[in-house]
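Each of the two complexes below includes chain A, the first together with chain B, the second together with chain C.
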Partner chain A sequence: MTDTSISGTSVRMNAGTRIYLYVSLSLVAALVLVPLLATALGGFKSLGELRVNPFGLPAQWHWSNYLDILFGDRYWRQMINSLFIAIMTVFLTVVASAMAAFTLAHVKFFGAGQLLNYFLIGLMFPAATAILPLFIRIRDLGLLDTYWGVILPQVAFGLGMSILLFRNYFRNLPDELFQAAFVDGCGYIRFFWHISLPLSRPIIATVGIISFVNSWNSYILPLIMLNTETKYPWPLGIMVYRGEFGTQWQLVLAFITLTILPTVIVFFLAQKHIIAGLTAGAVKG
Partner chain B sequence: MTDATATMRAPSATVAARKTRYRSPAVRGRLPVLLFFLPPALLLFTLFVILPMGEAAWYSLYRWNGYGAPEHFIGLRNFEVLFNNAAFSRALINNGLIILTSLLLQIPLAIWLATMLAHRIKGAVTFRLIFFLPYVLADVAAGLIWRFVYDGDYGLFAAISGFFGVVTPYVLADKNLAIYAVLAVVIWKYFGFHMMLFIAGLQAVDKNVLEAAEIDGATGWQKFRYVTLPLLGSTVRISVFFAIIGSLQLFDLIMPLTGGGPLNATQTMVTFLYTYGVTRMQVGLGSAVGVILFVICVTLAFGYKRIFMRHD
Partner chain C sequence: MASVELNDIRKSYGTLEVIHGVSLSIDDGEFIALVGPSGCGKSTLLRMIAGLEEITNGEVMIAGRIVNPLTPRERNIAMVFQSYALYPHMSVAGNMGFNLKLSGVPKPEIEKRVSEAARMLALTDLLDRKPSQLSGGQRQRVAMGRAIVRDPAVFLFDEPLSNLDAKLRVQMRTEIKSLHQKVGTTSIYVTHDQIEAMTLADRIVVLHQGNIEQVGTPLELYRQPANLFVAGFIGSPAMNILDGVVDAENGEPAVRLGDGSAVRIAPQRNVRRGQSVKIGLRPEHFVSVGSGSIISGRTLLVEPTGAQTHVLFEFAGSQITAIVDGDHPARYGAYFESVADGEKVYVFDGASGVAL
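This part shows the complex of A and B:
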């Protein structure tokens, strides 16, 4: 009884509805999970077993598929490359967009509105549209085949959304703070550093998560900018690995599983923040 | 402190009036902020986003292999070539198909799941997590996983068709089937994102309205059709917007699945740009694809915002 009065919408659900809900949801969940589980289990099988039994548990657990990858340096090198690129991307995106958004939100100057619109152009088209001129620019700057050739364009393409999120957040901070600080003789830069930033942890997390996930999963930019295999982040590395081992699916599956494992673990640990962060662009933007 | 803010707030009208006149000159360090805070973002954005886009428009008028300066001016020939190219037409059609699939299958699926998860049932949070999981995975990883699923020798499709005793279809190698296989993966990968938007949208729907409808004797479907769906309007519009823009830039997912093949059957605009522009260093042609993509994106974005999102 109390339950119905709290939930309000649905009076006590009848058994039929309940079964319908669980069956439908479980079916969709199975469609999501089966490919993932088959991939992880496939990494424990031999190729021959994969052929006859791709779904079930392995008859014999071949740990060596996984262990060989974990004890080789290829996997770790790719992870470290991806991590470095992602961390630098996050750091530069947060710093550059927070500073620009602060200026756009609080400092009155000629053309502020136009400048915001200028940054928002970046939201409308994907990096792929300008990928060839971008390649030529990076080449002419001598940044081809360096991490910076990937990082800087990634930061640049993340600025539109990040500036929008930061600016909306800064503008919603209570105006009294500014009045009080400015009357006390606090300048913009001190204000930014001592008041705006400490109050902005939620939005820094949001922007950080968006740019980290984008960078971590990014494929087309490193594909075009990097050509030394030791510098490859994991999405590129995994494609090379698959090209090398071709139809030895058991190895490829183990490699895929290990590369997505960090994402899955972090996702389940910080799911609330990650979901909020990744949908923030759509909800708040 | 409270006193100070109270007095600050009390004559808010006069403060606001004064603010426009006095605030700017009174605050110290306006110039340093403008000089230090704006340039990093402005420089990066101009150098790596705006200028390349302008250059794409410029290069698209040349035949150029990327070395030296673009000199061989050919006017609109690149665009002419593209519109007479079967693979590019295929790419445009495929991008259209992806948008249609997103709108007609993916978003309804997302709404359906979101409304189911709005019921207070045990395990709703877990289901939500599972459904969002594919969205967090990299497109490349998802593409490779599905390449395995579709594999006719070792994959899940081989086992399924073996179970039913039919000949194993090599879906990704079949030029008529491959695009549908890709579309299925697109739905698998992205429905969770849209579902999350709808869950957020549903939370904002006033429960009293639904209760009122229920008291008036509305059935489940009527409640959904005449109460929930209209109230979800702005979420639907946002979700459609993201589906369209996302569909147009699909690349990462296609490369591990088919690479645009077989026989260009699964090319999208961006895979076409990569295959014919980047790998063959046809800068002019590739830039022309970029310009077309840009025009489509901007037209859709502006047109859509104009027509559907005026009130949001």
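This part shows the complex of A and C:
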């Protein structure tokens, strides 16, 4: 059976193809990695060195750029703001969309199709187009300049994609599993808790990561909804920081590096699950 | 344990009726097989008994109680699925005890019953494994274990062996049979494999296009098929069917075939001269010596299976399969000759297919 289970690695290639692949993939990797490395290394340089040697290793490592930021409270406050908003967004998105998707996948009721389409229409609207009505609604709810004013719209905009992902995954769970559970005495709710959710770890991870990254990088919503600098998440914080230290590029670079770091770490930890989740159901497993 | 009674069960999808009034009574402790070709409604019928499919019309009674409005759990049935449908994230013990856990049975009691069932099915060493770490046969046993632990009124099997390879299928067949002999729970078994039905069941129900064609013990169905469909379905290789007209030969009743040759039939058959009929010849009823009509023709295909050889030959414009002894010197292109005893020739009405 080994010869039929071809995973990409066992495909035979001749030397030319191989070289072509390595060169082209290295080019793409460089496009991503060089700016990241330049940013990270730039944070260790002095401003003068940054001007003459933007890409190379620093002649002298200035740890103070990073340490000043790490020991100041601005960085941590922004991280905590971002983290709180992101975690609440992830939690609410996963809970709401998993339950909605489960219903749409398993329960047949009048208007189920229309309801699903209604959610999916949400995929077509970027948050930016809805900014004005959104602002008015959040103002009327009295949520301006609160975390919830950012979290709730983010959850709402994330629902379409998340429901779609969850629903496809739930639908691909074998029907007989549901019937077996039904015979064993599960209703819908018990089936959801005891069978669907434990089996959905990959898709929960996928939806979680997508909404986390979206929330983490979200700029326009916090910009509109938040006014107090102590509530700013890091994208707004960076803007303020750059305003203050606009000429000291080494500090800005160090700050950027530190703010990217958490996402990179999270991504590496969850990478395996993300890929498993995105391709789930694409091929018969 | 309980008896099961079906009263004029019907099932429609929209205007399309797929089960046309099936009535059947199953005794306590009986092993019933529902067989039929794909699409005959056997699985639908089973799922209606299980409570997984709504019953359009009619009543299902389990232990004398009408269960139509009840959920599968309230009906106290256990079902074994074709794909096993084990919960992938639970251990074998978890799978088997899940139902008891949902019913709030205390933990020590669950463990006791699970280990009892595991012992019965030789699963004791596997209790901590996940389904993905089990072989097909082991998974099948876990699925049965899950059904046993709850001590249900009725076992329902939905083609439980069709995912297994041929050898394992035979082995699991014996296990199911011995399990039934041990536990004695009323069982309803759906299969499209007539051999499985013949070997396992006390009684077989042959379904065709949503109707019951015949109900009877395996040997009744084999010896006295009620009609052409049952005759063709039961027995392997299938019965040879030939068209003909009732006639007499040397004062004995016979059926004249298309090419003029005659096949003697038993005198007690309820036929009249000139009636157009179909005759059925079981492949295993051809003998090389004996009294009866001579059936012969050119050999088209020889399939040795070891003890026996299947010979396909041409006779009266049709292709006929015969089973002969493995030593028989059959050869492609050679002339094959055999004798069919008139007592063992089945006769069916040409139009309705009813046995005569």
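Just so we're on the same page, the second predicted complex is superposed on the first by the 230 of 285 C-alpha atoms of A that agree within 3 Å, B and C clash if a C-alpha of one lies under 4 Å from a C-alpha of the other, contacts with A are read in each partner's own complex, and residues count from 1 in each chain.
To be clear about the criterion, contacts are C-beta pairs under 8 Å (C-beta built on N, C-alpha and C of every residue); 3 or more make two chains touch, one makes a residue touch a chain.
It should be emphasised that the depicted structure is a prediction, and the values quoted were computed from it without experimental measurement.
Novice: In the overlay, answer first, second, both or neither for which of chain B and chain C A:74 touches.
Specialist: Neither chain B nor chain C is touched by A:74.
Novice: Which partner chains sit in contact with A:136 here, chain B, chain C, both or neither? Use first/second/both/neither.
Specialist: A:136: touches chain B, not chain C.
Novice: Could you figure out whether chain B or chain C reaches more residues of chain A?
Specialist: In the superposed model, B touches more residues of chain A.
Novice: Touching A:195, do we find chain B (first), chain C (second), both, or neither?
Specialist: After superposition on chain A, A:195 lies in contact with chain C alone.
Novice: In the overlay, answer first, second, both or neither for which of chain B and chain C A:180 touches.
Specialist: both
Novice: Once chain A of both complexes is superposed, is A:62 in touch with chain B (first), chain C (second), both, or neither?
Specialist: neither
Novice: Contacts for A:22 in the overlay, against chain B (first) and chain C (second): which applies, first, second, both or neither?
Specialist: first
Novice: Give me the intersection of chain A's contacts with chain B and its contacts with chain C, in residue numbers.
Specialist: On chain A, the overlap between the chain B and chain C contacts is residues 176, 179-180, 182-183, 185, 190.
Novice: Give every residue of chain C touching chain A within the complex, in rising order.
Specialist: Its residues touching chain A are 50-52, 71-73, 77-79, 81-83, 85-89, 98-99, 102-103, 146.
Novice: Please name which positions on chain A make contact with chain B in the complex.
Specialist: The touching residues are 3, 7-11, 13, 17-18, 21-22, 24-25, 28-29, 31-36, 38-39, 42, 47, 50-51, 53-55, 95-97, 99-100, 102-103, 107-109, 115, 118-119, 121-122, 124-126, 128-137, 139, 152-153, 155-157, 159-160, 163, 176, 179-180, 182-183, 185, 187-190, 192, 213, 216-217, 219-220, 224, 235, 238-239, 242, 247, 249, 252-253, 256, 259-260, 263-264, 267-268, 271, 274-275, 278-279, 282-283.
Novice: For the complex, which residues does chain B have touching chain A?
Specialist: 4-5, 8-9, 15, 23-24, 26-30, 32-34, 36-38, 40-42, 44-45, 47-53, 55-56, 59, 66, 113, 116-121, 123, 127, 129-141, 144-146, 148-149, 151, 153-156, 158-159, 188, 192-193, 196-197, 200, 207-208, 210-211, 214, 238-239, 242, 245, 248-249, 251-252, 255-256, 270, 273-274, 277-278, 283, 286-287, 290-291, 293-294, 297-298, 301
Novice: Using the touch rule from the top, collect the residues of chain A that touch chain C in their complex.
Specialist: 174, 176-177, 179-186, 190, 194-195, 198-199
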